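Chain naming follows the written order as A, B, C and D, and within any one chain the residues start at number 1.
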Amino acid sequence: MAQTVAFIGIGIMGRRMAKNVLKAGHSLRVYNRTVAKTEELCGLGATVAASPRQAAQGADAVITMVADPPALAAVLDGPEGAFVGCRRGAFVIDMSTVDPETSRAMAARAQARGLRYLEAPVTGGVGAAEQGSLLIMAGGTMEDFQAAKPLLETMGKKVLRVGQMGSGAAMKLTTNMVASSISAAMAEALVFAAKAGLEPSLVVEILADRSPLIARWAPRVLAGEFSPFFPLRLAHKDVHLALATARGLGVPLFALAAVAQLQTAALAKGLGDLDQTATIQVLEEIVGLPVRQPKP
Amino acid sequence: MAQTVAFIGIGIMGRRMAKNVLKAGHSLRVYNRTVAKTEELCGLGATVAASPRQAAQGADAVITMVADPPALAAVLDGPEGAFVGCRRGAFVIDMSTVDPETSRAMAARAQARGLRYLEAPVTGGVGAAEQGSLLIMAGGTMEDFQAAKPLLETMGKKVLRVGQMGSGAAMKLTTNMVASSISAAMAEALVFAAKAGLEPSLVVEILADRSPLIARWAPRVLAGEFSPFFPLRLAHKDVHLALATARGLGVPLFALAAVAQLQTAALAKGLGDLDQTATIQVLEEIVGLPVRQPKP
Amino acid sequence: MAQTVAFIGIGIMGRRMAKNVLKAGHSLRVYNRTVAKTEELCGLGATVAASPRQAAQGADAVITMVADPPALAAVLDGPEGAFVGCRRGAFVIDMSTVDPETSRAMAARAQARGLRYLEAPVTGGVGAAEQGSLLIMAGGTMEDFQAAKPLLETMGKKVLRVGQMGSGAAMKLTTNMVASSISAAMAEALVFAAKAGLEPSLVVEILADRSPLIARWAPRVLAGEFSPFFPLRLAHKDVHLALATARGLGVPLFALAAVAQLQTAALAKGLGDLDQTATIQVLEEIVGLPVRQPKP
Amino acid sequence: MAQTVAFIGIGIMGRRMAKNVLKAGHSLRVYNRTVAKTEELCGLGATVAASPRQAAQGADAVITMVADPPALAAVLDGPEGAFVGCRRGAFVIDMSTVDPETSRAMAARAQARGLRYLEAPVTGGVGAAEQGSLLIMAGGTMEDFQAAKPLLETMGKKVLRVGQMGSGAAMKLTTNMVASSISAAMAEALVFAAKAGLEPSLVVEILADRSPLIARWAPRVLAGEFSPFFPLRLAHKDVHLALATARGLGVPLFALAAVAQLQTAALAKGLGDLDQTATIQVLEEIVGLPVRQPKP
């Protein structure tokens, strides 16, 4: 059944996800801090709102896809946020990557206003967002999950309820901490191998068996190609959220803490908008040997 | 063409590899510190030697598969080592995991005695050793590699020359450092997820996409099954060799250094003979929550 | 000149600092979440307020000494916080350890209400708090610093202005990150030495030259004495604030990140209310050897 | 009673120590790989030997002060080493910083030849070496210690027996691991403080209370002065020996492992011959802000 959907956060991922909502026949309103990014969607029939509040007015569901907890708090709970615009009983579905505590706090605020709230972070990257084949890890009540599932299925091909509120965020942080760890392991391995004089293409061939992430990433790194699949800035934010959550849970993460510092070093070098694999450049500079071949 | 092969080091891997040499029709002499482990091979037609030296006498090729650089130095270059037993022109093929410096030093000692030397470490684990489908990463001259290839192919299905002497060791350390990093990343993720209250089987399902290693390991860890695919003691030894080699090359490995300390902690707890994934028990004890279900 | 001073946060440190304010002849009102802790001060002439707001009403200066940024935001800027109670022109002096961003945010909120704000975190521990000999590191305008200095001198013997708003917090985090690093270095050294079979008293004698902190801490650790000079919970909070601030500044802190994880492990073991040196118990348990002698 | 002493290893430390042996009235023979470094001592009456073996011939005591375990093995146990030159009953006193295992191995080799062996590593740096006021931490039997003490007292003002063979090395590694940890803590703190905009001289003033090492080092670092008190190359070697020894003892050293990687990064940048405090340059380059003022 066609719904009126407000989509807030039209970035690299959000733009593609919103397009799939639109294609499925829903009526779409969009809001983005930088209005220019909404143009393509408007060309496809979406309307632009001047604020999250305005976007939410009269919508059946509000979807958010923003950068981090403060951005989420602003677009939902700020003075011009979606919460004040929503009608009672409307759905708020946050698909951003935040921490469990933020999810639970936002859900409580929403429910206090008579709204329904679901967290539904995604994995799969830009390609899966484009093709509507994301993996979606929802947290919330079974009832809310069942009600929102058809809408989520316009964006993802595997839509799972992973548990109560906060579980979705925790699951997403779990997958991302492993991805960042593998990215760092690959970086350390490639630099080590380069200094040991190994043939890079052979190293990539052998390491590719270790992880499909390495199989996808390593050839790009060797080609000096760092256009963002997943920007370092966001990868670092997620690792930080994982560490902060782990701190609250009393879980020491010795290896991940080292990975986080490598990422901080890469951000300090101004690499935040490149792909997360650009962390390798920190090590390359220290050892004075690029593993990557510059683009001709 | 059938050869006389001396196989030194009849451990978990060596036993299976030697069997494949034997099956291929070669005449086999074996040496192991603990004689009992050679019984099965003798039942299949191998003869036992009292020392590496005796095993090497008259052999066309000597294959070594031992635990670490000191063990290799002892079986090759000790007073009762293979070097003193070999006839001039015989082949010494070390398939152990050692560091590049050790490989180069042993090769130099062998060549000074008129022997041919190839390093040929393997990857793939017990299953691949059994089936003769190991990946073999050889280092040495092209001529030596070509000459030894048929013998290596009795044990592996992919037999690569990865470069000059030392390259094989470096490549092997590169793949093992990534495996240990992924093992630690999995451990941190599973403990984090357990403390966050996530359903373990769901976590495993989602993390399995990150790496086939995790897909293989995580269900065993949850089942409390730590019989060794690859014993922690050896994994730790390899990480240590990688760190020592990296130190020599001037490559800082921040994340791997943290992984190494986790492994040291696991060894301190007496877990060295379990699978390398047993490292997770260090974190489980700190957080006071087993992610694994004890065997019923 | 005697002033009316509101003191908010009557903990281990606050109680002793407030007593010195009282002794100097100022009129004192106190607020603490747990009222019982204010009894001693009331016996000395202080009056108890039911809320930070009430304590602040009519006060010339409000001093806060609370656990962390959220606690500070609550007692200053909450609905019953000091800000709403203060008269225009009153002084708010935060002596807690927070991060520079929190200091700057609170100062801006205070100034928007016509209040004067100074951050003035302290170092020296319980003994110096008792004797009024703290080192006080103030951040704010020179004018505000000069105006508040006499009051601060009732609590400290060295009262420095270290720079603009935020500098006090940054300086305090700098000193505490070094203290936590030295605490971890001592823990690692004592456990290493114990496992190496060295005589503990000799180790302490030799390490005492490295730092007066070690000279003070090590004999207590060996005596199994962990009553808090500075509770681990707070030390960990400060290390976390330092890491978060460093992240914002783009400064990787590889060693401190490892220290933070050791502290998290100690908190997971329920040691948060013991002295920060209790972190050593994490290592002792891993190696299975207590360096400390249990109390007879 | 005047003795004939062979002193092997005339480096930054050895030269000064040997001079004090000479001043005390002993007859001195010196050996150094680079002969030029022995000239000053010859001017003072020492004679130069062409090999450790020759230096040892007829000597009552042989003192070694070399860079690391391989160097020690070479000068003592090599074909032209001191062991083959010594008369039975002569004393070998190793004052280098090595690991306990090396000390025990060399002692066993010496004793097998009828020699007496003492390990006696030192601390205090170049200044104390010059003034004969080193702290000397000897390991060996009480009888050997008592016999060698008068000779050691020509070089040190505090000459302690810290335990059986290996204890001296372990104690020395313990003190050096703490020094390297404090050096890294200082580096992280100074870079953090600089990025936070704090006045460097104030930071140094406040941190100086944390450790006399920081009091001595920090002003030099700010002045861009990295002439070696203790070269990074040796500090790194000692941290490595501590980590290797800890590995053998089953002691995880999470923080020290991170410190070691920072040092490796500094060595990779070619800073090995500068003072160990030069490690800070790794962080300075990452953050793009020198804390040190270049020399005018």
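The rule is short, and it goes like this: a contact is a pair of C-beta atoms (placed from the backbone, for glycine too) under 8 Å apart; a residue touches a chain by one contact, two chains touch by 3 or more.
Being a predicted model, the structure only gives us computed values, none of them experimental.
K.L.:
Any chance you could name the chains that touch chain A and chain D both?
P.N.:
Neighbours common to chain A and chain D are B, C.
K.L.:
Going by the touch criterion at the top, tell me which pair is linked by more C-beta contacts: C-D or B-C.
P.N.:
C-D
K.L.:
Where chain A and chain B touch, do the two copies share over half of their residue numbers, giving same, or under half, giving different?
P.N.:
Chain A vs chain B: same; shared/all numbers exceeds half.
K.L.:
Where centres are the averaged C-alpha coordinates, which chain has the largest centre distance to chain C?
P.N.:
B
K.L.:
Determine the centre-to-centre distance between chain A and chain C, using the mean Cα coordinates as centres, and give it in whole Å.
P.N.:
That pair's centroid distance is 37 Å.
K.L.:
So, what's the distance in Å between the C-alpha centres of chain D and chain C?
P.N.:
38
K.L.:
What whole-Å value do you get for the distance between chain B and chain C if each is reduced to the mean of its CA atoms?
P.N.:
Inter-chain centre distance comes to 51 Å.
K.L.:
In chain D, what residues contact two or more other chains?
P.N.:
Residues 246, 250-254, 257-258, 261-262, 265, 268, 286-287.
K.L.:
Write out the stretch or stretches of chain A touching chain C in their complex.
P.N.:
Checking each residue of chain A against chain C gives 240, 246-247, 250-254, 257-258, 260-262, 264-265, 267-268.
K.L.:
Under the touch definition given earlier, write down the residues of chain A that touch chain D in their complex.
P.N.:
The contact residues of chain A facing chain D are 254, 258, 265, 268-269, 282, 285-288.
K.L.:
Using the touch definition from the top, list the residues of chain C that touch chain D in their complex.
P.N.:
100, 123, 135, 137, 160, 162-164, 166-167, 170-171, 173-175, 177-179, 181-182, 184-186, 188-189, 191-193, 195-199, 202-203, 206-207, 209-214, 242, 245-246, 249-259, 261-262, 283, 286-287
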